[in-house]
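The next part holds the structures, each set out as structure tokens.
Same chain, two partners: chain A is paired with chain B first, then with chain C.
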Partner chain A sequence: MIMATEERVLVKPPSEVAKQRPGEIEDASWLPVKVKVRNLNFHYGGHQALFDNSIDIPASRVTAIIGPSGCGKSTHIRVYNRIFEIYRSHKAKGTVEIDGENVLSPATDILKLRKKVGMIFQRPTPFPMSIFNNVAYGVKLHYRASRGEIADRVEDALKRGALWDEVKDKLGEPATALSGGQQQRLCIARAIAVEPELILMDEPCSAIDPVATSKIEDLIETLRDNYTVVLVTHNMQQAARVSDFTAFFYKGRIVEFGATKKIFTNPDSGQTEDYITGRFG
Partner chain B sequence: MRESTVERPSASPGAVHDQSRPDAVFKWLTAACSLVVIVIMAGIFFELVRNSGMAFREFGFSFLTTDSWNPIKGEFGAASSIYGTLVSTGIAMIIAIPLSIIIAVYLVEVAQPRVSRFIGGAVELLAAIPSIIYGMWGLFVFAALMQTHVQPFLGKHLGALPLFQGPPMGIGMLTAGLILAFMVLPFITAITRDVLMMVPPVLKESAYGVGSTMWEAVRFVSLKYGRRGIVGAVFLGFGRALGETMAVTFVIGNSHRISPSLFSAGNTIASSLANEFNEASEPIYLSSLFALALVLFCIMLAFQTIAHYWVTRMQRLEAGDR
Partner chain C sequence: MRPRSRTERRAADTAMRVAMVPAALIGIAVLAWILWEVIARGIGALTPAFFTELPTPPGMEGGGLGNAILGTLLMTFLAALLGTPIGLLAGVFLCEFGPSSRIATVVRFTTNLLMGTPSIIIGIFVYSVLVLPFGRFSGWAGAVALAILILPVVMRTTEDMLNLVPDELRESGLALGAPRWRVTLGIIFRAARTGLVTGVLLAVARVSGETAPLLFTALNSFYWPGSLSQPTANMTVTIFNYAMSPYSDWQAKAWGASLLITVSVLAVTVLARFVIRDKRKRA
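Let's look at the complex of A and B:
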């Protein structure tokens, strides 16, 4: 198990790092850290949902978060972009540093934070507007751009969201007319369009069919090159397929965090092993 | 109707299984009750047409376009009443729509839950106040306020516009429009609030998630998501303002005149009817009042049709088949 250490040194040359595919990475200690979480506690009113979470999410990698229902996976990642704050009774304590800046500090510019940290939800959430405007929405919020620039940005995001070919002839149509899987890729494109650095995905495939799921997995595979991705999933195969690192949560605590290969083949904790082999959950 | 051939398992053993007879009774009973609506509707329409016949025969189409209303000379024209109805309703909607939406947004998105419940309750109470009370308050309190403060202020700063010229009398078209705005406001607010509360939390979260401010999330996502319901609420308020009688009768001044100034007295179809039925001694006078009522009926009908068309059109657009 990799312990959260204060400082990390990049020892391997970046070219070699970039070549590795999911499952090949055994050690996170020489990767730069994107998100450094220390002693994160979370309360829903009187109910404590997270206990002393500490974790280092490596940059430019896919980190999966697994664990039984209700263990706090969603709660944990919802702290990273402070989306929990729109509900008054939800409170987070501790530190969450993204690129060294504590996002929980009151000084954080929350709009900039959310531009930098994109989020994809369990169900697709197309805005009630056209396909084009869905993707343009965030761009218009964060950039002063001409029409042409926005159109270019939308096209680029839809291409990177692996949706362009399916929608290029109907950009003006309502986004709600797309299929569930297409809507989810649209949401990913919408998140990508504002050029985030970190993308949080909370069970992005749980509401869509297997074909659409594999498309999104392929998409995550390509995102891996440019973004740091945190993926919450209930699907063990999915975690094993697409992630480089895996964190196992149980009852609001992070039980184990390490290279996906190790977690799935030789976990340190008996609880992790029980969960992965399906003995509970 | 298709009879069910599958025997349903019954909760209590030995229960009777014959479902068809009670179903037939039920079917006819519900149909008969629903027929009442059609009968009332048709009955009212028929009576209005029958009783207004004399006026339309006498004045023809010009009944709608003349604004002279002179019971002594036996001259009747609906133009001033139609004008007053539309203008007072227009003023009401111009004020009530933005105000209601802003209040609803405050209640749902901004206010502390306790504050929201308190003000929300007040909004519902406001909707429950009988219109006669709005009228009395409008005449004794609000009209005085208009006369001493609001109208002089408007006259001073916007007096260049014909809309705000003339002596501040307190009562008049503007006052009636404002009272109407207060009356429809709670309806539009309450429905808009309910519509905004129906916006799925995860949709709001996505809006905030891409970095929207509260204003942007509300303006571009929540309101847009609920726009069909909000349009419905606006139409409801509109219909109510068109037909409102008591409160308007108190404060509009009741004069059959078309004046460009909103300060001057006017009338609406409903207020004329309320005021004048007692005085209508001549058959042609009475028939003209019926003709006015028919005009109001038709305005309502046209407006309902438009509202219905709009709402279904939006529904289709949202479903994406176009």
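Let's look at the complex of A and C:
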């Protein structure tokens, strides 16, 4: 039985919460919590995939989720935006509070929740429409805006997605004509365009080449300033490079969670150490 | 263990070829023969009058099948108009909303039955519900019979085509906060649109050659289809009547109508292929 960890309090005023580089943070206790998960259990029909997950995801930081294949990383983050619900047999129990509101409560406005929580998938998922319309899709969905306002928002999102320079002359072309790495950045821009607060990324670089990967890593680094990012990755170096905090999952349980620096240099658990040093996984 | 020799592999390859190539050739030959026969005998009948004039009384030379061509076009169009939206919606339901529900299972099973039902039975069914009670054959009944034939085909292709759309695409639409119906109409339909269009085209091509369902519903007529509440002229029943008649002029016209239908169906099918090819190129 995992006890709920004590409530975290913001002891330093936000002005002093200066941004550190990834890897420099050693303590999460003075950071506000964006997602507070308690005793989350998950079932795929008769198969239990998550066991008593409890974790506090710090706001405005990048949290990496690592662990061997099938340990429940995807399952875990798919609860945050309740995307799992479209499959009838998938069931989550427990609480997942985002900004203090339990998203699993039936009263949650699911469309609002998904506006607030963006998601990027393993394979890029451009919609079958133009580059511009891909990014405008969510904007039109959530805002009443004039053409000009939409165009501004699209431009802004593409700039934040580090894609603007590459596509500004071909916004009307089909998004499927972009390269895989560009498509993935487009998906990030598309998510950013609806002004989410939390961005979930499920192995966003696993289907693209190293150069495109490093561009996305740079992008994630810039996202740190405005968004809370949860990044599932199989790539240890990537976790070490871009994340502030790391959670190690094993067989549906959260074995260890802490500052990335600590997890990668001096983990508490032997299992974490074995996984990071490549002894299993 | 020793590696397979090259001659061994070659022999197996040759044996397969010897078996398959003739089979493929027989298929092509039969099709070519039919086409040749239809073209050779039908081409002479296709005069301008064939397309624009009414039929002449038996034994009299001249005239045309303008009324039958128009009637077939009208009824096929109406049938597509009737059958396509229902088929699309049902396909969407099967794939997107209740894929594993009890209703879906029943609907899927019924669709398979409907697809396998001989079209003459559909004709008799519509005869008993739309012809007998009103006391007359009508173009409407004909269109309904064809729509019933279109329905399961469109339904199946819709479900199949939507199933081909990866779940991630659905999920990313929903993850942006779009309601399900908007994801279906705005993203999934768009992703599957060429497949959907192909399905409809093939369904229409299929029914445009049907005779039995029209024989019991629209019957036929020597006049222009002024109102679809009357028996309505159409090409397939005309072919049936004319080909059985003793008049050589009518027989020639039956060949002409056969050629016209064959070419139209071929054209629609090629169009459908073209749509698919276009899709592949862009993907």
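Convention: the second predicted complex is superposed on the first by the 273 of 281 C-alpha atoms of A that agree within 3 Å, B and C clash if a C-alpha of one lies under 4 Å from a C-alpha of the other, contacts with A are read in each partner's own complex, and residues count from 1 in each chain.
Simple rule for what comes next: a contact is a pair of C-beta atoms (placed from the backbone, for glycine too) under 8 Å apart; a residue touches a chain by one contact, two chains touch by 3 or more.
The shown structure was predicted, so the numbers you read here are calculated from the model rather than taken from an experiment.
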| task | Quick one: on chain A, after the overlay, do chain B and chain C clash, or do they fit? Just give me the call. | result | clash
| query | After superposition on the shared chain, which partner residues are touched by A:219: those of chain B (first), chain C (second), both, or neither? | reply | neither
| Is A:150 contacted by the first partner chain B, the second partner chain C, both or neither? | neither
| request: With the two complexes superposed on chain A, say which partner A:92 touches: chain B (first), chain C (second), both, or neither. | output: neither
| query | Should A:240 be classified as contacting the first partner (chain B), the second (chain C), both, or neither? | reply | neither
| Of the two partner chains, chain B (first) and chain C (second), which one does A:173 touch, if any: first, second, both, or neither? | first
| query | Which parts of chain A are touched by chain B and by chain C alike? | reply | 81, 83, 86, 88, 111-112, 114-115, 118-119, 121-123, 125, 127-129, 137-138, 141-142, 174, 176, 187, 190-191, 194
| remark: In their shared complex, chain B is touched by residues of chain A numbered 81, 83, 86, 88, 111-112, 114-115, 118-119, 121-123, 125, 127-129, 137-138, 141-142, 173-174, 176-177, 187, 190-191, 194
| Touching chain C in the complex: which residues of chain A? | 81, 83, 86, 88, 111-115, 117-119, 121-123, 125, 127-129, 137-138, 141-142, 174, 176, 187, 190-191, 194
| request: Report the residues of chain B in contact with chain A in the complex, numbered from low to high. | output: 112-113, 200, 202-213, 216, 220-221, 224-225, 227, 317-321
| Which residues, counting only chain C, touch chain A once they are in their complex? | 100, 166, 168-179, 182, 186-187, 190-191, 193, 282-283
